[in-house]
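Input: a single structure, listed below in structure tokens.
Order as written gives the chain letters A, B, C and D; numbering starts at 1 within each chain.
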Amino acid sequence: MHARLRGIFPPIPTSFDSSGDIDTHAITANVTRWMSTRLSGVLALGSNGEASLLDESESDYVLAAARQAVPSSKLLIAGTGRESTRATIDASRRAADLGADAVLVRPPAYYKNQMTNAALIDHFKRVADASPVPVLLYNLPATGVVLTLPVVAALAKHPNVAGMKETSPELERLGQFAAIRPEFAVLSGWAPVIYPAIGLGAAGGILAVANVLPDRCVDLYEHARAGRHDQALALQRAITPLAQMVSSIHGIAGLKVALTHLGFSVGPCRGPLQALPETVRTTITRAVDALKN
Amino acid sequence: MHARLRGIFPPIPTSFDSSGDIDTHAITANVTRWMSTRLSGVLALGSNGEASLLDESESDYVLAAARQAVPSSKLLIAGTGRESTRATIDASRRAADLGADAVLVRPPAYYKNQMTNAALIDHFKRVADASPVPVLLYNLPATGVVLTLPVVAALAKHPNVAGMKETSPELERLGQFAAIRPEFAVLSGWAPVIYPAIGLGAAGGILAVANVLPDRCVDLYEHARAGRHDQALALQRAITPLAQMVSSIHGIAGLKVALTHLGFSVGPCRGPLQALPETVRTTITRAVDALKN
Amino acid sequence: MHARLRGIFPPIPTSFDSSGDIDTHAITANVTRWMSTRLSGVLALGSNGEASLLDESESDYVLAAARQAVPSSKLLIAGTGRESTRATIDASRRAADLGADAVLVRPPAYYKNQMTNAALIDHFKRVADASPVPVLLYNLPATGVVLTLPVVAALAKHPNVAGMKETSPELERLGQFAAIRPEFAVLSGWAPVIYPAIGLGAAGGILAVANVLPDRCVDLYEHARAGRHDQALALQRAITPLAQMVSSIHGIAGLKVALTHLGFSVGPCRGPLQALPETVRTTITRAVDALKN
Amino acid sequence: MHARLRGIFPPIPTSFDSSGDIDTHAITANVTRWMSTRLSGVLALGSNGEASLLDESESDYVLAAARQAVPSSKLLIAGTGRESTRATIDASRRAADLGADAVLVRPPAYYKNQMTNAALIDHFKRVADASPVPVLLYNLPATGVVLTLPVVAALAKHPNVAGMKETSPELERLGQFAAIRPEFAVLSGWAPVIYPAIGLGAAGGILAVANVLPDRCVDLYEHARAGRHDQALALQRAITPLAQMVSSIHGIAGLKVALTHLGFSVGPCRGPLQALPETVRTTITRAVDALKN
């Protein structure tokens, strides 16, 4: 698996129709378009996929729709983290049945005070034992639960844990994770530091902005791997402001504005996420126009 | 409604059987026992009810089981907060159908950076518009999303918002909420400050320790309301260490140890929550023995 | 000492003249005016005294000026916390020489990661051993260092530690501290919760708003002690908005606006603290006018 | 100036003698030894120099002692940040008089709630206007005050602001600062990310571990600048564990253990900083032995 966990993956948004329901045709069409680029695959049902706003059957429809458009040469990664161990295992099994190549599992965070290292290790081990496909750990410190080196190092020994996504601008941790062993693939989830993350040993990235600028993100990855410092730094600086707009600043609403502008059919966000005001939308679409090929 | 939102309510745990499934008979039996005391009702499907670890149909079974044992003179409050507005509305309607007298709605927290005051007000307004029964706001700062005075004051004007639960040791906010208007009932969710919270105008409390020591908690509430300072302070100090053990320190696992010791059938916690070590269990049961009537 | 650590103390601001230097005559005049009320004494060189913006000799001038106007029946408390143990001891000795009745010592916070419980206990013990006058601990969680129950309980045994100031809206900790032993006096530093703090066993308060409304603050303290709940709650609610303006919201600049309006000579704040805009100043002075006797 | 703000600088510790007083001879001797390497200069009176634990005259002695040993081809940078604008200006003028080539100014943090962007800009502008030598901004988010892009971009226009130190594992901000303009030098203060920081445009680093391993740190800097990725990554990984021990984990006490082991005369830390237990000291000295040339 780790040889395929390389390069750039977009965490795809979930398309909704005008009734607010899942639009599976749009999802398949969007993924087809992304898969015509040099992206290494897609992540469906990640944070950018509004996974926490979908019910279980909707989640399954999204995966089935994405699977139709991801060729076997590329990876379909499915977000399957839930608050309970039991529901996470169930979602991982269903994802594997629907053709996911790997599952990405965020840590439970509702009872964060009880999420000791021992509880986290136990949770992920049970999921990795039960999942028919390889598991990727998902470190998302914004939830208030942080996977630290002892936890990740313990879990990286499990034969069914293939790597992780580290979503943070904080690279000290990522550097430690990437040094655990060569076969443990660390993917960065923070576009403004993707170039330096690769310098520290990251295998690639799962980046919201890669939905918008797939080829430029792959170019950046390749410059970084090839040691073309000046080109990598220039491209990093070029994409960073837009990456912030479609992620940390405006979130999924920003991402959907950018994608709608490019002709993707994604629909609005589901509440409680709000639509963006006109002036913000204009700022985003101008930034897209300035960067698209 | 606000005349009934007074006094002490236990946030009841969800009973599991040896297979890890919901034990509805146990729930009904437990609630019957709690309702034989001076408690004002119960909260089912709160944080202490492991609500985030249940699926939708399990949630319904819990409510139906509790409803059987709550007399019409007391209140059945149901936790119905979900991450999406749509799912929260759906859960609130089902709870009303199952006989809940009111719903308690925590704010969405997964996309916490996007949870502006405007987004929170919009979310709760839509839920209050759609819910067949009165809505209680649930402030739980530990999630990373805080309902502040402007949000609560705006929502308190809605005819279907009856009050709130404030779960924090921080009483400046609670004092502001309690001063909004007399008909807006503020219930404290933090037992170690329940006496001073009543001094600041709280209408009562929803307290994990009230599952364990129902009459003592009601005594404390009544001492506080009657201005019996010395007795209230003494009782506050007496229950605080156990209240911490079954809540902030050991969480639901601690609560279930205490209740099992008293003969309630609650079963273990669902993963990722972990069982407690023997020494901790002994500390808790001794504290229970020292305080029970 | 503990019998005198009762009631309300204002943390007095430091007066500056038009050159930005200490105005000792103004300080003496202001303290004379405060001491004509029912306040129990004053705190000089606290956070509200801009202590961290003064040099060592300026600190001495402030104390000497205050001492002249505090009668022996009331207490002069001096803030003497510094980042190093050595400088804290030196400042405490000088304060005692200048006539301070007690010293209030905040924990070092610059190297907060190294401020383990052991380091904090060692620091305060050395200071208490060396100080010629009783020491009050100063818990100010906003600095990033929190004195927790084990630390305070250990230090409360020291014969030269007389009590503490707890500056936080969080009353669970205050309740624990107040229960340590009757002779250990806990003063609250958070006016919006002073009534419930007294309910939990606080001996009184050190409150910025007591500079502005000394008699109303003393009234509130006395209502609370006498169990006059309705009057205490009404007065708590009346003073809270102004208390927030001259403390958590606008800080010392807000306090100096209110005091200047009442005819105290306090001058501007020292940089980096900034003057407030006209509209804010007007809001504050109107709130003062509405509340002053 | 910016042409000289390149490469690696150690933030030197302050040497104390057995009485706990400043040992100026030891400081001069230590700096002489560091200056015999390829380091670009030194920072005296930084956080690692226990600057907040020294009085004003001690600070001057440290600078005078360091100046004697820093050749004119290298830089002596002096930490001169104080809580008040007035004291910061005074310290900066004295540092310039004592021969400092530049001053490094941390933001005031005691009144962190009042440290708005406007207050921070005003503070640093006044200091830059008054300082006879160039000013470097010091971003130290651990203090609770963060210099964000708008503040740094505004200050970078001042002719007497030459650059900054960014002390954080968080590289998104550093990348933005480094892109402001080529003449604005950004030095990283976080050794575990120094290689990727250079990738993002940092001009070098001010690193505690550079006191211990000066040549290896300079090698890492040079590999990074020359695009020798494999060597840079290997060296980054080699030094990171020791860098953590002498900085984020054990702080200055850890640094002093390592330096004492190498024959530098630094003495103990000043209280409230504590000595380390024997087992920790052994871990540190073994790590030093494994890495020293």
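Basically, contacts are C-beta pairs under 8 Å (C-beta built on N, C-alpha and C of every residue); 3 or more make two chains touch, one makes a residue touch a chain.
Predicted model, so just to flag it, every value in this text is computed and none were measured.
Chains that touch both chain C and chain D are absent from this assembly.
For chain B, the chain whose average C-alpha position is most distant is D. Computed from the mean C-alpha positions, the centre of chain B lies at a distance of 50 Å from the centre of chain D. Rounded to a whole number, the gap between the C-alpha centres of chain A and chain C is 50 angstrom.
Measuring from the averaged C-alpha position of chain A to that of chain D gives a distance of 36 Å. Multi-chain contact residues, meaning those touching two or more other chains, do not occur anywhere in chain D.
All chain pairs that count as touching, in label order, are A-B, A-D, B-C, C-D.
Those residues of chain A lying in contact with chain D across their complex are 169-173, 175-176, 179, 190, 192-193, 195-197, 199-201, 227, 229, 232-233, 236-237, 240. Listing the residues of chain A that touch chain B in their complex gives 20, 47, 52-56, 83-87, 108, 110-116, 118-120, 122-123, 126, 142-144, 248, 251-253, 270-274.
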